[in-house]
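Labels A, B, C and D are assigned to the chains in the order they are written; within every chain, residues are numbered from 1.
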Amino acid sequence: MESILSFCFAVLIAPLLPAVIQKVKAYFAGKQGPPLLINYYTTIKLFKKGSVYSTSTSFVFKMGPVVGFTTSLMMLLFFPMGEVSPLLSFHGDVLILFYLMGLGRFFTILAALDTSSPFEGMGAAREAFFSTLAEATVFCILILFFRLTGSLSFNEFFSGPHAMNLMGEYGALLILVVVGLYIVMLTENSRVPVDDPATHLELTMIHEVMILDHSGPDLALIEMGAWFKLLFYSGFLARIIDPFHSENVIVNALLFYAVVIFVYVTVGVVESITARYKMNLVPKFILTPFILVFFVTILTMGVLQ
Amino acid sequence: MQSSLDNLKEGLKMLELIMLIPLLTGIIAMFLPVRLGRGILIVTALLHLQLTVFAWLGKITPALPQYFTVTNEGMLILLVTSFVFLFISIYAISYMSEAEISSEPIYNGCTLLFLATMSMVTMADHLIVLWIAIEATTLMSAPLIFLHRSKTALEATWKYVMICSVGIALALLGCFFVVLAMDLGGVHVPITFTSLGTVAQQLDPVWLKAGFIFLVIGYGTKMGLAPMHTWLPDAHSEAPSPASALLSGALLNCAFLGVYRGHQLMYQAGLGAFSSNILIGFGLFSMLIAAIFIFNQTGYKRMLAYSSIENMGIIAFGVGIGGLATYGAMLHLIHHSLIKSSLFLSSGNILLGYGSKLVNKTGNMAKLFPKTFTAFFAGFAGISGFPPFGIFISELLIIMGAFQQGRMISVSIFILALVLIFAGASRLVTKMCFSRCNDPEILVEENLARTLPSYALLLTSIVLCIWLPDSLYQTILSAIATIGGGVNG
Amino acid sequence: MDTLFVSMAVIIAGGAAGLLLCRQFTLMKLVAIATTSVGCGIGLLFTVPKLLSGGAELAVTYNWLHVFTLAFKLDSVSLFFLIPIFLVPPLTLLYSFHYLENKDKKLRVGVSYFFFSVLVASMALVVMADNMITFLLAWELMSLSSFFLVMYDYEVYENRKAGYLYLIFAQGGAMLLFATFALIYRHTGSFDFASFASIPDASKLLVFILAFLGFGSKAGIFPLHIWLPKAHPAAPSHVSAIMSGVMIKMGIYGIFRIYLLLDAPTPVIGQIVLATGMVTGILGVVYALAKQDIKQLLAYSSVENIGIILIGLGIGMVGVSEQNQAMAFFGFAGALLHVFNHSIFKSLLFMGAGSVLHKAKTKNIEELGGLMKRMPVTGRTFLAGSVAISGLPPFSGFIGEFLIYYGAFQGLSSQNLPYIMTILAIVSLAVIGGLATACFTKVVGLGFLGEPRTAQAANAKESGFAMGFVMSIMALACLVIGVLPEPFVRLAFLGIQDVPAAAGFNTDSFIVIIQHISKTAALFIGLLLLVSLFRKMMYVKKEIGSGPTWGCGFTQPTVRMQYTGTSYAAEMIGFFKPFVPVKTVYTGIRKIFPGKTTWESEVVDIAESNYQLRLITPMLTLLGKLRWIQHGNIQLYIGYIIVAIIVLLLFL
Amino acid sequence: MIQLSNALVSVSHVGDVLLTMTVLSVLLSLGSNRLGALVKIMAFQGIVVSLIPFFLEHHGQMSTGSIILLQIMLLIKGLLIPGFMYAAVKKIKIKLEVEPIIGYNASLFAGLIFILLAAFITNRLQISLPVKNELLMIAAITTLAAGLFLIMSRHKALTQVIGYLMMENGIYLIGTALAKQTHTMYVVEFGVLLDLLVGIMIMGIIVHNINSSYDDVDTALLGQLKDN
């Protein structure tokens, strides 16, 4: 029951949180910024609209948003938000989940290519490339977590005697992981400095340019999928960082979401104070966390002897 | 030799007929009209095969035992020679009428004389008689090479006669050295391999070794071992295809028999290691030389000739290695004769069809000459060691044997050379068979009379790879037992 | 066992019927396909129940040529490999019914069916062989028959070259195997496989490396893979399917078999296999990404999948040497399952490529586009195959990779080198997965989606019924295995039941995981359907417009402005620069008023170019120089003889 | 049986003279620049070589067979073969020059080196040989080596035949020198002779053909078949 509630809460709050980023950015820019509920308004507006489809497209184009949305939703189903067990969990679920995200990416890219637009193809190519590099980091993190906890499930990562937490047994090691995961989050969710969703030139975009041709409910599904994904990553980070622990479930959840919001705020700060990297520097940026985490995994050889 | 003594009592003493009959018919055929000559050729070939089988089964024995004898290895080679000869003759009849060779009676006669001399080689027991026979094969086959009467044929014949004569003259010196080794050892027996074998231990080792060196050089020249092989590609490419087939499928084996006898003697004298090393060296060197020239070869008959050098190298290598490899070498000898003759016969069709010996002038055989293509490509697959042809088995056995004897470096070179040769040959063969033909004018269409003999020879190789008659197996085993070979190590 | 021989006889009979009936084209195709398929069916009916019943080992021997015995034995590994051998050919043959339509090539089609049947039978013999001779015999037959299949379209120069290259690699590999077996024979004096374990440990490593190279040249490990991307495009597509889907797995079988037989304790073997697997996998997929020819791309993708399978085997072997049974078990099982899965989706993809080639007359991605609408069945099945080969759930590719991952994660408890190797293996698998996604989004996205780039592609029609039917079945199979993996995973477990390292391992807990995976996949599909339904509902009674693609302000787009495969891959290729050299030719701008200029780029296979540069060219130069030996001068020829004598006399 | 050794007073002396003459003929042939002269020298050498066994000490007892063989050999080596070759020379009317690859002076010098070499080898072998006849060995090896030298150093095909013949003579002499007693098998030796005869005849026929095809017998013309 708790799990269902937690899941529903996460789904509901997911559109809210990105507005926090926008607020922070607005603050830095000295503007007032959009209302916090902006994303809800947008979504409803989009669902109300119809769509225009390019004559070049086929059914794959329509599948892209659906698959992308579903895969992101799957992540939330398996991730323990707060200290509540997720709806579903089993040993090995991380593997299938990250691969499901791959599936989402697969169809997003295809949908982009289906439009036969050169810009969307460009974005698709970058997406394919950068997420491959990010995937290496993710799997390094999984290796480390497995090494430390002996489990392959989100729920088990954060429960039991060897729970992954900065305050826990291997806190020192996890600092580097946090840095790595943060960069992965920026990459996977197309945030600055990897991608700038707010730029006005399609040539320099990654994710935004891929969805240029989507409109109406399709676009809404894509947007929601992206919010879920961001929430998942920041939740992942928050579970590692989260120093608080309370016996009460609700308090725990609130504290957890506080940390999540903190993560969102940092994203906003980063977006405000850094510029997007030149495209040819991005791979180096994405490789940095890989090297960090790989280093940590090697370190564990000494730790666990 | 107990068995041959037994045979002496029961068998008919007419072994020499095997060589006398072709000798006689050969001389007759020279002066007969073409049609009659062809008939005589086939009849003689059939008769010869029949007599050979009788001899092999021990039904007939020599009348002059001081010069001739029945040995297992000799009978093996005689059997192969006779068998191959029959099919080549059938082919030759059709080929000669198409090739418009004016002197067909010369072919008919000389090929029979050639058969006679080769039969003599396989039966010779006396050192000098063997020498005479091998020299005689050179002389009898020279007219065959010159049959086309072109300038290049002339050149090839000249080189063939000259180089082989010089080589074989050295073999005579080798014979003298063996006799000297006998004198020094204080042995007084007839100079036959049979009797020398029984007293081999008493022969003077130094002179025996020297004798062996000269024998190997001499007969090796004839056999086509590098670096004495130089005549071989010329002669094989210039001779008319049936003659090339005979040279490659029969003559080289006979020359090999000379080397084999020498090695046998060395082994019996306890000097097997020395002669083995020499044979291995020559074998590998021949294969490497063949590899050099098969790459970028321009003439397909020359390629086949170099392939013969390679295969003689393989046989020498196998015999030198000993043990299991010897069995492989003997199988290789049989299958090489069958397949290589078939290949040369096919090359005759190709030559007739395209009118050129150059690879570049041929092409797209798969479409233009489907029957010949089948035979040619199957032959190529066979000679490269693909099953279901027998060379697969023989090469496998030789490699196994070589590893078993711990000759790692040699066998590495062996394998390297095989791969190189395969790479070179398959390039040419695929070019001939599949690539576009620039000038697809077919001079002479293929026909069954000229493809069936190739098929028959290939089929024999396949059959022998599926089912080796027990008697043949025993013959090979007894043959290689004399040089310490066997299937059990 | 006799059933298998019967099935092989039927298969060969089918091929022979193709040869004999070649004058009646359609009848010949029907008879050949039906008979061969029946033969395969008999084989399957024997194999699968045998494997399921945990079949006792079967062995038969026949005497051959006095010296040898032909020995056959079936254990679980053989039985497992027999499944794709008997399963894929009937499907590809059915496909070929509409694929081989040229009646002018009657004889050739007949010959092709004959060698196809020989190939199938010889592959079956390879996995059944129980001694060196039998194995090599079957192996060589397999190489030879597949060569003829590759040469089907020999009129094309590239195809001849490909056939030639294939032949050399086949024979070179076979020679290495000869050497391997001979080396073993040296120690044991026996041809039997059973005796392999008794050779001294010191020799085992050498034996294994030789065998690994020999088998690897067939399987296509880097850098012995260069024949694959040439031979597969050359062969007709149903042949590429069987070669890539099944035949190259014989190399894997060989590696696995020799490993099992050697029973070597040295950990180096596992590390070699693992490292080779990683290199092969990553470079294979990068090259696949770089290629624009669909069949060539698929060939490189086969190299990649061989890499994945080798990673699985390597994980298993490291597990054995680390005495980590779980690692060993899942490594081996994952490798086997991936062999099976790959045989299906790679065949499917090759058939799809063949269908495209058949109708659009080109294999070049840059000339395709928009086929999803024009060839719906081919497009959809190809899409399914692409998802499967990228290892994404809920399709079959994921299951095999999951097993391998699972095995690898079990190995993380090791220390030192095995640990680092395991980490690298997991990361490589992840990278391979990501790049494979990139690679197949490229094929599908550029080849099947968007607008057709040429008139040929625009005029393409759907292929014949037989082809579409087969591809649909296979696509469905990919999905079924992905959603209901349990029986197939069990099959893979049964496949390794005779492997000593895996014996007695309790898989119950893992089966639970697999059931979970199955449920997750089902859940995902359910959710997907729900969301689709939701989306449908959202669009009810709404205005759906259609117009040209948004060109960011540009209003007159042409089909040539679409993103190209080359640029799609360029950045990723650039990342692997030293290993994936790109050759560019730019004519440059010279004059004040420059004329036409061109710019070309081509990805060069580093292995191929290095062979050319460092091996073939020097060798040919050397051989060319040595040719003066035969200079035609008789005086010097005689001199050779004298030199030979003098040299030999020195040994006296 | 005829006891020839008793009949002649100083057999070994005659033998030595003959051997010296053999060596002389070798040197002459190396220096000779006319084909006709070369053939005549070969005839002379053939006769001398055939006679040598007759005058050797250890061949004291001659059987009837060997006498007949001797006559046949004289006939073939001294008459038939040179006659045959002379006829060939006469047919080749244009160039009777020998055309050496290695000049006459150098050839003569090489001949001297062969003699030295032969002496050296003989010295080394002397210990193991059953028959002590140094001169015979020296002459034999010199002839053999010079024969090979002639084959390799002359352009004309006919000269090569002559070289081959000389080489055969050398081998025959070595055979004579090495064998302690004649192995009484004249059939065999006759066979050797016959082979030699037929071989020379076939070579002669080819030479004739070369001449009619090329208007010359220069082997440099025979270099079309090659692989480089």
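Keep in mind that, in the parts below, contacts are C-beta pairs under 8 Å (C-beta built on N, C-alpha and C of every residue); 3 or more make two chains touch, one makes a residue touch a chain.
Treat the numbers as computed from the prediction; the structure is a model and nothing was measured.
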If a chain touches chain B and chain D alike, it appears here: C
Selected pair, greater C-beta contact count between B-C and C-D: B-C
Longest centre-to-centre distance from chain B, chain (CA-based): A
Chain centroid nearest the full-protein CA centroid: C
Whole-Å gap separating chain C and chain D, where each centre is the average of the chain's CA atoms: 70
Cα-centroid distance, chain A relative to chain D, in whole angstrom: 100
Chain centre separation (chain B, chain C; CA means) in Å: 43
Separation of mean Cα positions, chain B and chain A [Å, integer]: 77
Shared-contact residues (touching 2 or more other chains) in chain D: 148, 151, 160, 219, 222-225, 227
Numbers and ranges of chain A residues touching at least 2 other chains: none
Residues of chain B touching at least two other chains: 158-159, 162, 166, 170, 206, 233, 293
Residue ranges of chain C in contact with chain B within the complex: 65-67, 107, 133, 136-137, 140-141, 143-144, 151, 154-155, 157, 160, 163-164, 167-168, 171-172, 175-176, 178-179, 181-183, 185-186, 189, 620, 623-624, 626-627, 629-630, 634, 637-638, 640-641, 643-645, 648-649, 651-652
Of all residues in chain B, those that touch chain D in their complex: 126, 128-129, 131-132, 135-136, 138-139, 142-143, 146, 149, 151-152, 154-159, 161-162, 165-166, 169-170, 172-173, 176-177, 179-180, 183-184, 191, 204, 206-207, 233-234, 237-238, 293, 297, 302
In the complex with chain A, residue positions of chain C that touch it: 369-370, 372-373, 379, 383, 387, 390-393, 398, 402, 405-406, 409, 412-413, 415-416, 419-420, 423, 426-427, 429-431, 433-435, 437-438, 440-441, 444-446, 449-451, 509, 512-513, 516-517, 520-521, 523-524, 527-528, 531-532, 535, 538-539, 542-552, 557, 559, 561-563, 567-572, 575
Interfacial residue positions of chain B with respect to chain C in the complex: 158-159, 162-163, 166-167, 170, 206, 209-210, 213-214, 216-217, 221, 227-228, 230-231, 233, 274, 277-278, 289, 291-293, 295-296, 327, 366, 370, 381, 384-388, 392-393, 395-397, 399-400, 402-404, 406, 411-412, 415, 418-419, 422-423, 426-427, 430-431, 433-436, 465, 467-468, 470, 473, 487, 489
Chain D residues touching chain B - in the complex, by the definition given at the top: 128-130, 144, 148, 151, 157, 160, 164, 167-168, 171, 174-175, 178-180, 183, 185, 188-189, 191-192, 194-195, 198-199, 202-203, 206, 209-210, 213-214, 219, 222-225, 227
